[in-house]
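Okay, so subunit A shows up in both of these, paired with subunit B first and subunit C after.
Now for the complex of A and B:
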């Protein structure tokens, strides 16, 4: 076990970093915003942490904290700029944002080390620290996936106009999503830069966007667990497929295609519906079949929505 | 002047590539991420063919268009149709279609990288020879002429067909409202296959012409073209033919100017900065229609 851990330490760390990166795409998706700005924040965070560590030799948590705050502020300002955009137009604007950051890093001169990037960002960040941050993040996100907060988020995603008329601050929720996405992306980028001690502009490219999106869609886009499943799959799949030899990348692509066709709600959604089906079957013996969980939730959501605005209506 | 000709040539290549993608996206609602790989794969198949038989240019273009068409129809029939069948709501299936396209793209790219070992390939074995004509102050090569004629001819044809032909009307009807179009007797499946076939053929043509123009391309060229085409489509407005023409030209002109006047490393920043600025002031692109579908 310890031998296995030692041998795969890089992959284990990468799993958690990919998890955070996937979350930075998933958080905006959950409120119905198609934004890849989190990948740009990944770059911002990586450079901020590396520059602080190399130049001022600050402790790891200061470097990461500064990166997170900086990227969160940038994410908030970015959300003000793109407030008018929607759907895939917004997606394109955020892709442009990511690629511009990469070009800025390439042309940053001494500060960013140009096309070679930065080397020697040695710090005291440990694997345990990475895992601890991930656990805290997952816990905080889990809190947003239950109770009234979850219903609000789902209402904003499914019908922004309706939720606005119900008194939910859609604009605020969206700005918050951009800010959180920036913080999460920067956290992943900063920790990656400190663990690998290097950062280069080539890391922040279109493929990173594609990877983040694929992880979220295949894992499941509704819950942090989906992002985690996606991160585990796409971090470990390439090394597992190494045994298939020369056709590794072909098999990888085929798996993505099959997942897109047969798992429209992601792996997490598939597992959840299987679980519900099993539970439903054991209950069919009872004469009055209880309504499916989804329907109950939907009713609760409607009730909550109407309850929140009742005073305004009457 | 030289710069302008080069920019227009590059713009025409973007146009050929992005035209089919934009029409498919704006009408049948399919954003095909495998378009870039289709484009590159067609050029690669043509390369291996020309190594065996020295073909003239027109045969190469036909071959590329045929390969692109077959690949695109296969992607539609084997991936997108299955996704839509399992998830009939197009808006919900949109993400699945994007991811399915990404999967198809990585399969094609992996096959191409396997055979070419990521080494750039070109059509030096073809019977076609590049010559340059002098028209007053303008130098223009025969490859550039072919590209310009092909791009503007095909874009004009597409615009006319969409506007005037009965099938074009049906296709636009799907773009406005798929359900009502089906009720009016439009066969959505057949129209989708036809659109994807045309889009694939355009991508294949663009792949062959780009390879002739640059001398050689690599397996990874498809990816960078995909991003540029995506940008050109958004810039012009989804689904509009004139929008793709204008978007491609603006993008190519901006990129060429930056590469020649500034430095090469800034090219993409200025191109994407431009897109960013345009989107801020015109959130649906230059020629975008207002709210065709809810997104």
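Now for the complex of A and C:
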């Protein structure tokens, strides 16, 4: 067991860091905001922590804390800029945010180490520290998945207009989601930079956005548990598929496609509906008439859409 | 309608309200005054501006012109989410229940407004439904389906949940946009009776409805509108027998019935 742990320490740490990264995408998604800004915050956090550690030799928790606060503030300010955007347009703007961070890192001169990035961010951060942070984050998020907070989050995502008439400050909730997303992304980035002791601009690229989104969609987008499941799968899958040799990318892609088709609510959703079936309660048992009509309409719309585009329709 | 009363004589006052979308005048110079403990109804054909007026009253669409007062205080420049705490609750024309919450949780959402930050106890411990929630569920007859999902309900039942959610906020003014649409006769009767009971307890209500008979049976006062403005106003019998109203909304068949 100890031997296995020693051999896989990098993957174990990566699982927890990916978990935090996935959460930085999931938190805005839960309130209906399609934002990838968390990936940009990951870069922001990684550089902030690395610079503070290399230049000022601060303790790990100071470097991480400063990175989290800085990215949270940037996330809040970014939410003000994109306040009027929604859906695809918002998603595009947040992708631009990620790419801007990457460009800034590449062209930051001495401060960011240019295209080579930064090296030698030696700190006292341990695996235990990373796990402890994740446990605290998961606990806090679990509180938002029950009771009055959950109800409000559901309302803001499903029906912003209804939420307003129920007295919920939709704009504030959205701003908060961007702020928390910034903090979570930065936390992952900062801890990654300190554990690896390096950071480089090519880490913050489109691939990282895809990875974060895949973890949330396949794992489950409604709960921190979904993000955790996604993080475990997509951290370990590539190394497990190594046995398939040159077919690795094809198998990886196939698994994602099949999962997206057959598990629209993610693995967590699948497990939950199985559990409900075992208890003899299915939430889609007897749809009333209007929803049934809607479903037919929706299907017709999907068919119309799929005639034009084979992808992107869930 | 005395002017000597000290407390605000009306729960809701709307004066010269106009909502224009470019050249389209959805509501144009409409107004009404709703005293406490009365049920007022707005009658009018599709596209007459009824629902837009309700949206304006709840601040979901901006006013082009006009004044809105709640308990004598102007509120037409306040954001919509402030109104719930001032005692205004509404239902919508279509069923808008949250699909991933049970009936009970949907109703609880209504009551959350009186517990703005969410007590720490309900974050950490058991989230027990408040008295207002239990009462709303009981009065709307939802006890048997309290743990059902919205997709499992009939349309009429789902509409009741909407009413329960609004009632759980313990409002001073309740706005109902076609509350009995999609309900059968006995369900309509029940909703009508519930509304009258609530009125007798002092709750002011404003209804928009297509069902003329239900409006006549339920409302204390009717306001008829067409093309965004007032056509007739008065007691239900007066309004439905008003020639302009009969011609515009009810057609000749109603005249022969009346």
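The rule we apply is simple: the second predicted complex is superposed on the first by the 280 of 314 C-alpha atoms of A that agree within 3 Å, B and C clash if a C-alpha of one lies under 4 Å from a C-alpha of the other, contacts with A are read in each partner's own complex, and residues count from 1 in each chain.
The definition used in the following text is that a contact is a pair of C-beta atoms (placed from the backbone, for glycine too) under 8 Å apart; a residue touches a chain by one contact, two chains touch by 3 or more.
This is a predicted model, so every value here is computed, not measured.
Contacts of A:170 after superposition on the shared chain: subunit C is touched, whereas subunit B is not. In the overlay built on the shared chain, the residue A:147 is in contact with subunit C alone; subunit B does not reach it.
In the superposed pair of complexes, A:27 makes contact with neither subunit B nor subunit C.
Of the two partner chains placed around the shared chain by superposition, subunit B is the only one that A:97 touches, whereas subunit C remains out of contact. If you count the residues of subunit A touched by subunit B and by subunit C, you find the higher number for B.
In the superposed model, A:162 makes contact with subunit C only, not with subunit B.
Of the two partner chains placed by superposition, A:134 touches none, neither subunit B nor subunit C.
Within the complex formed with subunit B, the subunit A residues making contact are 81-82, 84-89, 92-93, 95-97, 99-100, 103-104, 106-107, 115, 206, 210, 213-214, 217-218, 221, 246-250, 252-262, 264.
The touching residues of subunit A, counted against subunit C in their complex, run 143, 146-149, 151-152, 154-155, 158-159, 161-170, 222, 283-291. Taken in their complex, subunit C has these residues touching subunit A: 58, 60, 79-85, 89-90, 92, 95-96, 98-101, 105, 108-110, 112-113, 115-116, 118, 122-124, 127, 149, 151-155, 157-158, 169, 182.
Listed in rising order, the residues of subunit B touching subunit A in the complex are 31, 79, 82-83, 86-87, 92-93, 95-100, 102-111, 113-114, 223, 227, 230-231, 234, 238, 265-266, 268-269, 272-273, 275-276, 279-280, 283-285, 295.
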